[in-house]
Amino acid sequence: MVRTSASARKPSPWTVFRVSVTRDLAVAWRHLHEGTHPLLFFILTVSLFPLAAGPDPVFLRQLAPGILWIAALLSTLLVLDSLFRTEYEDGTLEQILTSAHPVVLIVLAKVAAHWILSALPLVAVSVFLGMMLNLPAHAYPAMVLSLLVGTPAMSLIGAIGAGLTVGLRRRGLLLALIVMPLYVPILIFGAHAVQSSIVQANWVSPLLLLGAILVLSLTLAPFALVAALKTSLH
Amino acid sequence: MAMRKPAQPTTSRSRAWRWFHRFGSPAYFYFFAGRWAPRFGHLAVAFFLAGLYFGLVVAPPDYQMGDSYRIIFIHVPSAWMSMFIYVVMAVSAGIGLVWRIKLSHAVARSCAPVGAAFTFCALVTGALWGKPTWGTYWIWDARLTSELVLLFLYVGYMALLAALDDWKTGSRAGAVLALVGLVNIPIIHYSVEWWNTLHQGATITKLGRPSIDIRMLVPLLIMFAAVNFYFLAAMLNRVRCELLDQERRTRWVQEVVNG
Amino acid sequence: MHSSPLPQAVRKTGFSGPARLEGREIECIRGHACLFSNLEFALESGTALQILGANGTGKTSLIRIITGLTEADQGTISWNQVNIRDPGAAYAGHFSYLGHRNGLNDALTPRENLHYLGKLEASEPWLGIGDSLEQFEIGNCLNIPCARLSAGQQQRVALARVYRSPARLWVLDEPATALDAPAIGILAEIMTRHLLAGGLIVYTSHQAIDLGPVTARWLQL
Amino acid sequence: MAEFFEMGGHGFFIWTSYAVTALVLLHGYLAPVLRRKNLIRQLGSPDRGPGTK
């Protein structure tokens, strides 16, 4: 179909990616109060552990990696449910799936925006929570890096679960039930990276393994996500 | 169980039989499964009994663990089947998703409960074996932990299928989840092994296979055959239910139902 | 609204080349009930197809099958003799879909919504955001969050998105819902203009949309 | 015969694990058979209920 009008420039997929990310950030900015929920949940969950396990700093230091990572995992899960919810209900998801551009990229942009909004503040706050849990000074780089590498992988895999359950009215904990088993490797390598950096052992290799999982998720998860969304909108 | 089949065609190929000849057709598979499920069932029972006899009577007690090792004749086949059935389920679901074959979706849906049953058995027998051997019912051994995660994968798959009321949408969504799970299984297995060697590097608590002499290997192989036959029988039975339920509008189901 | 009639933004360059949408032996089953089967239809450039049928007869399902969101249990839809399900079909760039849900985010303003949705199109929309909203006489709502617009205004914004889209085939599911009489007049006007420029339209509607001197066909479910 | 069931003191563990497995597998085989019979009866009877599973 030859289009003669001058403005027939075809927007490149990457501009669509950029536009999608900025659009999602703008939408989130309008609902900023909602955006802080994962952050508050993260802080709340971490502060519950000392209340349960006792304030002894030596003991807390041992638990710190597990506490931080499980809290990060749960707060990522908490937010995933609303990842496609608004787009599904107002019809934007249908426009995305019938878009001329590679849907994989647009969907990846949506997960990226979701990660920026939910995980970055989380990583920033984790530094202060580390102090709360008596994390030794030399362990902070490992903690921040492991969360930075682990949370996008969790967002990507979790997005597939969100895509599968977006069409359901009564979802409840189905999303968590589907996605949590898939988080086991990320949790193991992430928590262990922090653990070994506390005891000043080699914390780089678990981090690299976590990076491998991130790369795998980056390449495969978007395609599974598109398939999931297509089945939900079927 | 007098299972009524439509009238055998006396004359040349009559219309009633036309739909039978495509192997993939649900009607054909329904009657094929009807014939073979009981046969596999009987084979499974026969092999189970043979396995039990060789395993519990003929096989000598282990010099180290005494008789408690005899649980492996049920634990190892179950553990192996739980992994094998997940792969069969994921592949069948993938075929259904890509080539839009209703029958392979039905097979995938039928595999899940059988796989979950085997995973549950593997966990229970593993725990019961742990008590006499290591003194506690649950040990965070690499394989038992992987089985536990596998059970969660099965439960997640079945929960998703139960949540989606439309059969077709549910099958396709389940297929996506099964395939994602399939990709993750080796990663989960490796990460749990890695995690296990790190935290319990010192004490080797792997479910070490006792030195296999021939009288112990034979029952194990017989049990493998038994669980495989059982899987086929149970799965085919479930596929018949799925097909009957999904094809209730078609004429061959009316004939089957009204006899 | 405005007293003087607005310069009607007409697509200066019409669509060139033939275009044909056809469906062959379409069958749709929902749950255990078969909504329709062996459905045939064909559509050339410049013609509109209205799908008629009582509620629940599968009009929306057929519309979604035509867009490819839903997959027909049997049969094929082809655009220019190419099955829309073929990987290389590139069908997505040629149609613009308006469903029951208008595709507008409540928190964003019409300008932002149309800007974003415009970027999803195959090529740059041929009409500016302001002008397309002017067509539907809601130019003044450009920067009001859609949450505060009425249903009719939101539907006008959604129709503005379809109107400025470069797509040749419009697939509209009840485009006239929530529209008042003048708005339906504008809708009929732009649909006619789209057809005269060589476009195609498949739509369902319970309200009458008078398309004037244009070949229109009906498909009764 | 008694020492056969004793299994060198581990009788409880061995027999429980075999019993549990046998029960689970038996249920796995019979449940679909029963369900199929119910389906046939339910589909066959004229006052067929709504098409629920």
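A few points about this structure:
A, B, C and D label the chains in the order they appear, each numbered from 1.
Keep in mind that, in the parts below, a residue touches a chain if its C-beta (ideal position, glycine included) is under 8 Å from a C-beta of that chain, and two chains touch if they have at least 3 such contacts.
What you see is a predicted model; the values in this text were computed from it and never measured.
Taking the definition of touch as given, a chain qualifies here only if it contacts chain B and chain D alike; none does.
Comparing per-chain C-alpha centres with the mean over every protein C-alpha atom, the closest match is chain A. The interface holding more C-beta pairs in contact, when A-B is weighed against B-C, is A-B. Chain centres here are Cα means. That of chain A falls 42 Å from that of chain D.
Centre-to-centre spacing of chain A and chain B amounts to 34 Å, using the average Cα coordinate of each chain. Inter-chain centre distance (chain B to chain C, centres taken as mean C-alpha positions): 49 Å. Computed centre separation for the pair chain A/chain C is 36 angstrom, with centres defined by C-alpha atoms.
Residues of chain C found to touch two or more other chains are 31-32, 71.
Each of residues 248 in chain B touches at least two other chains. Of all residues in chain D, those that touch two or more other chains are 51. Here the chains touching each other pair up as A-B, A-C, B-C, B-D.
Contacts from chain B toward chain C in the complex involve residues 100, 166, 248-249.
Residues 1, 41, 52, 56-57, 61, 66-68, 70-71, 74-75, 78, 110, 113-114, 117, 120-121, 124-125, 128-129, 131-132, 230, 233-234, 237-238, 240-241, 244-245, 248, 253, 256-259 of chain B touch chain D in their complex.
For chain C in complex with chain B, the residues that touch the partner chain are 30-32, 34, 71. Chain A contributes residues 157, 160-161, 164-165, 167-168, 170-171, 174, 177-182, 184-185, 188-189, 192, 209, 213, 216, 220-221, 224, 227-228, 231-232, 234 to its touches with chain B in the complex.
On the side of chain D, the complex with chain B involves touching residues 4, 7-10, 13-14, 16-18, 20-21, 24-25, 27-29, 32-33, 35-37, 39-40, 43-44, 51, 53.
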